[in-house]
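Common to both upcoming complexes is chain A, partnered first by chain B, then by chain C.
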Partner chain A sequence: MILRLAIASLAARAVTVCMTILAIALSVALFLGVEKVRTGAKGSFADTISGTDLIVGARSGSVQLLLYSVFRIGNATNNITWESYQDIADRPEVDWIVPISLGDSHRQFRVMGTTSEFFDHYKYRQGQSLALQEGALMGDLFDTVIGADVAETLGYSVGDPIVVSHGIASFADHKDQPFRISGILEKTGTPVDRTVIVSLEAIEAIHVDWQNGAQIPGQSTPPDVIRQMDLQPQAITAALVGLESPLQTFALQRAINQYPEEPLLAILPGVALQDLWAIVGVAETALLAVSAMVVVTALIGLMATIFASLTERRREMAIYRAMGARPSTIFGLLILEAVLVAAAGAIFGLIFLYFGLSIAQPLIDRNFGLWLDIAPPGGQEALILLAVVAAGAIVSILPALRAYKLSLADGMMVKT
Partner chain B sequence: MTETVLQLKDVQFDWTKRAEFSLSVPDFAMRKGETVLLLGESGSGKSTLLSLICGTLVPQAGSIKVADADMTTLSASARDRFRAERIGVIFQQFNLLPFGTVADNIQLPLRFAPERRQKAGDVGNATQNLLDALGLSRSVIIAKASTLSVGQQQRVAVARALIGQPSLIIADEPTSALDAATQSAFLDVLFEQVAASGASLLMVSHDARLADRFDRTVTMDDLTKPKVAV
Partner chain C sequence: MKPAISLLALLAVSPALADGTREVDAHVHGVGKLNIAIDGTTVAKEFHAPGADIVGFEYKAENDEDLAAIEAALQTLSDPLNLFGWPEAAECTVTSASAELETEEEHDDHGDDDHDDHDHDKEDDHGDHDEDHDEEDNHDHDEHADHDDHDHAEEASHTEFHAEYRFDCANPDALTELSFTYFDVFDNALEVEVQIITASGASAFEVERDAPTLDLSSAF
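Right after this comes the complex of A and B.
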């Protein structure tokens, strides 16, 4: 009966109460949403590369190597010579090795030279392989396979010609050797989506007439002649390595790091990803903290609403007292109301979250390659919602104490 | 010897925060089933007296016996419980929780008084019988209190005071918000029902014309010797 009366009392103040519930609901939805994006981002970040045991590059920092070899952010300070690459490839622990050559671009997208093994060994999201949505892998020297974002952004389809530019953000085009798109990859949510993939030999081929970063004036070797040339690269940017046994990872890593001929660096992708996340994650934590503050603000709004209602409800409290309610019953009644409001806010917040997710999920996936899982609320969500309700009860202690004192002083007669 | 329902002896009360006012009641008693009209101007201490009887205020000295218990010796929560069990209260107006239904309002005191709930028996039936007796249609039982007229609200307040048959009904100017015609009809049903339940009625008013209906009339002046401090 008290519960029913509490609900009826709230219903009688529908407008104020609904506004308070709305404020709590929105703040809870925001908080849960940020948490969702955070875990989603972290997951999708960690899913960028899997199945690769080591990434080898010229000696620099592990995060830097990860950034340019996997995320195509920044540039390599140095290359690995083909001899070093061969030495590593010949080691008995190495199961497979995929060379990567970076440095050129097409419009805003990076061009990556590699071998066809890249498509066999590059894995993402717990061992998922790359797949073509259209066309075929590179057959000819001047064939290219492009990522889903490249195709979508630039409106390319299989068979379209594209021209690769020298360097990044450069006006010098390799226009004498245009490429033909042979295939388009399925969307992966990884940097592969934003990559133009060509063969390692093609990278050599387009640089035949180039020296020191510029085209030799007047020189243009026809593609037919290039096809006859030896296109063995002199150097590559990095290599992805898979091992026979994961137990050998650290031994090989040490061997590569101490390679006498050339300063090299081998990193474990998982470890480097964690290092990188430690840097990026600060922003995520800040975002979470801000949204938590929004929840706190909404709860303070709840407290203010209860405080404001006390004056007009002194008569109501006097009636309860006259009927034999103790001041502590009045106290409990106000806490109960706050809990009801906070619980309603939490539940609506959850509804808002799923409603928002169902709308935003495809948009976020398309624009950011971030897949937010719409799973039924789990233990963590339940914990957060419970915390909101508990916090609602705690913030209402102050106005409830005031009501306790008022009802003790007023008794059954309101002296105003 | 007849049973006393209410007995005040040498009661002395001072407002700690309002030093200019104090109330003393040397001796006042009510028999079981007696109806008493208490006349007094506003500010004469009527509300304070009612609060003392109901146990929301405690006197500095003296004893206040309601039915079989001395309010002054009980703890605060025991007084609250005792009020719920033994006393039915009717205010001037705004008696009801406006957002509650008529049934909720009538049954509210039973929530705090388990013994009184038992005496009421089948609460639904008791509620309906009271509505019938007070001339209210049974259909109002699920209506929100705020949708009733003032006259109807006061009748619901009587039903609430009477449910579970408390020994003492305290009415604080229950007719002041009613017009003359409604007033008379209201008092008719009030007296009828109080008599039917065997309760005593202590009604406070400033209207001496009502005296005829009561067994006895006392004024605040008779009752007290209010001292006005400097």
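Right after this comes the complex of A and C.
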């Protein structure tokens, strides 16, 4: 009975009520959307590397080592000598070790020298391996495998020649030794998408005629001669290490960190990711706080609407009273109306969210490499929506109390 | 960095390295470190804590009381289930446990060879540096004779307790939390930094005296 009354009463003020519902719906969609982006970003961030037990680099900070070795952001403070790399590789605890050599670039993309084992051992998103969408892995010294974003942005396909630039953002190209694209990787949503991968030897090969960061004038060794040369690198930038047993991780980490011949740093990727997220995470918390404030604003708007309606509904209330409604019924009616509005807002908010997600998901994935999962609303979303409805009920208590008091005092006559 | 450049840089640095490396680990009073690795039913734990947290002092033991305190601490640290409790349901039993005291001191001019020999870091191996403590002089001093010309200022030294444990847990799925009764046992300990490695990777936590239970469910 009272429910029918509440719905009919809301329907009578359809325009105002719809506006209030819209405000709540948009704020709820914004809040849930921010939450979605936040968890999505955190997830895809943590999914960047998995299956690697330790990352080894020159001694610096764990976040810095992670940034340059995995995210290809910033530069190494130092390299690791090949001897140290060999020492670590020869340790009995080490199951596999993949060297990484960074420092050259192609257009805006970084070039990474590594061994073919990188493709076996680099894992992302809970143990997924890299896969080729086209072509094959490097067969020749001057072969390269490129990430999906590199291919898409620069419009490359298998067989195209590319020239690697010396250093990052420099004008010196390794023109004498052009590479050929032998394969293009599937999109991973990780920094690998934006990487040009060559063999470790190729990094040495393109620097054969170079000294002190510049090409020796007039000197150019033909590729066939280079192929015959000993191209063992003198140094690498970092190494990914997998262990025989996780039980040995801390012991090996300590051994590497205390390696007397060279200052090295070994980090646990998961812990370094956590450290990095702790820095980045402040922004996401701020964003969440702002969107929560938007929800609060919409709810206060709801309260204001109910207050405003009280004056115009004084006669209505008085009639209810004359027909035998108790003051508590008036109170309940107003609360119920507010709850209905908040619930409608929450439901429409959820609809807006999924509608928005279905449009934005491919765009966000393409532009930011961030994959937002469209999953049915889970327990957390349900909790947030319930909280909004409950908050709607709470903010309506104040106007409802006022109506309760007025309905006691007011007679049938409206005195103006 | 280009390999060619870094090679030159390395050559320039090499003579300095030949003199031996000087380094001192970070050491924060009040903060212990606990590393946990889980592989199937085997759980390995290693624990490091500053001497100040465990026995309240970091100078070299000066009298019988200090020695007794260290001895008692080592005994306590050798019983991991009384310090870091796994849930009953995990059915963990201790397969090995050991604890020791190490001294962190600045050794300026040791060759690399000496660094491989960790014996010289042990607290009780330095008994010969202080004439007053003949009662501890039960060690072979000859191999450490070269240490005699060092000035071992007691204030400059830091001590750390190290302990290593192995457990066998019949039901590793139940390893969802760890309760730090450690804080009840050692009053000076304020915080433990925990790193844990499970099949799903490594993660880090901080456990403080106010909330001595660690929820590990997110680490699996």
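The working rule: the second predicted complex is superposed on the first by the 413 of 416 C-alpha atoms of A that agree within 3 Å, B and C clash if a C-alpha of one lies under 4 Å from a C-alpha of the other, contacts with A are read in each partner's own complex, and residues count from 1 in each chain.
Quick note on the criterion: contacts are C-beta pairs under 8 Å (C-beta built on N, C-alpha and C of every residue); 3 or more make two chains touch, one makes a residue touch a chain.
The structure displayed is predicted, hence computed values, not measured ones.
Specify the outcome, clash or fit, for chain B and chain C once both structures are aligned onto chain A.
Once both complexes are aligned on chain A, chain B and chain C fit side by side.
Please work out whether A:Thr81 is in contact with chain B alone, chain C alone, both, or neither, and reply first, second, both or neither.
Only chain C is touched by A:Thr81; chain B is not.
I'd like to know which partner A:Ser101 touches here: chain B for first, chain C for second, both or neither.
It touches chain C, and chain B stays clear.
Is A:Gln274 touching anything from chain B or chain C once the two structures are fitted on A? First, second, both or neither.
second
So, A:His174: does it touch chain B (first), chain C (second), both, or neither?
neither
Using the superposition on chain A described above, determine whether A:Lys36 touches chain B (first), chain C (second), both, or neither.
neither
Can A:Ala235 be said to touch chain B (first), chain C (second), both, or neither?
Second partner only, chain C.
Between chain B (first) and chain C (second), which does A:His121 come into contact with in this model arrangement: first, second, both, or neither?
neither
Which partner, chain B or chain C, is in contact with more residues of chain A?
Touching more of chain A: C.
Should A:Ser245 be classified as contacting the first partner (chain B), the second (chain C), both, or neither?
A:Ser245 sits against chain C, while chain B stays out of touch.
Working from the superposed arrangement, determine the closest approach of chain B to chain C, counting only CA atoms, in whole Å.
Minimum C-alpha separation, chain B to chain C, in the superposed model is 51 Å.
Which chain A residues contact chain B in one complex and chain C in the other?
In chain A, no position sits in both the chain B and chain C interfaces.
Along chain C, where are the residues that touch chain A in the complex?
1-10, 17, 20-21, 23, 35, 37-39, 42, 44, 46, 112, 115-116, 195, 197-204
Applying the document's contact rule, which stretches of chain A touch chain C when the two form their complex?
50, 53, 75-76, 78-79, 81, 101, 103, 126, 166-167, 203-204, 207, 210-213, 233-237, 245-250, 258, 260-263, 268-271, 274-275
For chain A, which residues are in contact with chain B within the complex?
Touching chain B from chain A are residues 1-2, 4-5, 8-9, 11-12, 315-316, 319-329, 411-413, 415.
Would you tell me which residues of chain B are touching chain A in their complex?
Checking each residue of chain B against chain A gives 47, 50-51, 54, 56-57, 76-77, 80-81, 83-85, 89, 91, 94-101, 104, 107-109, 111-113, 146, 160.
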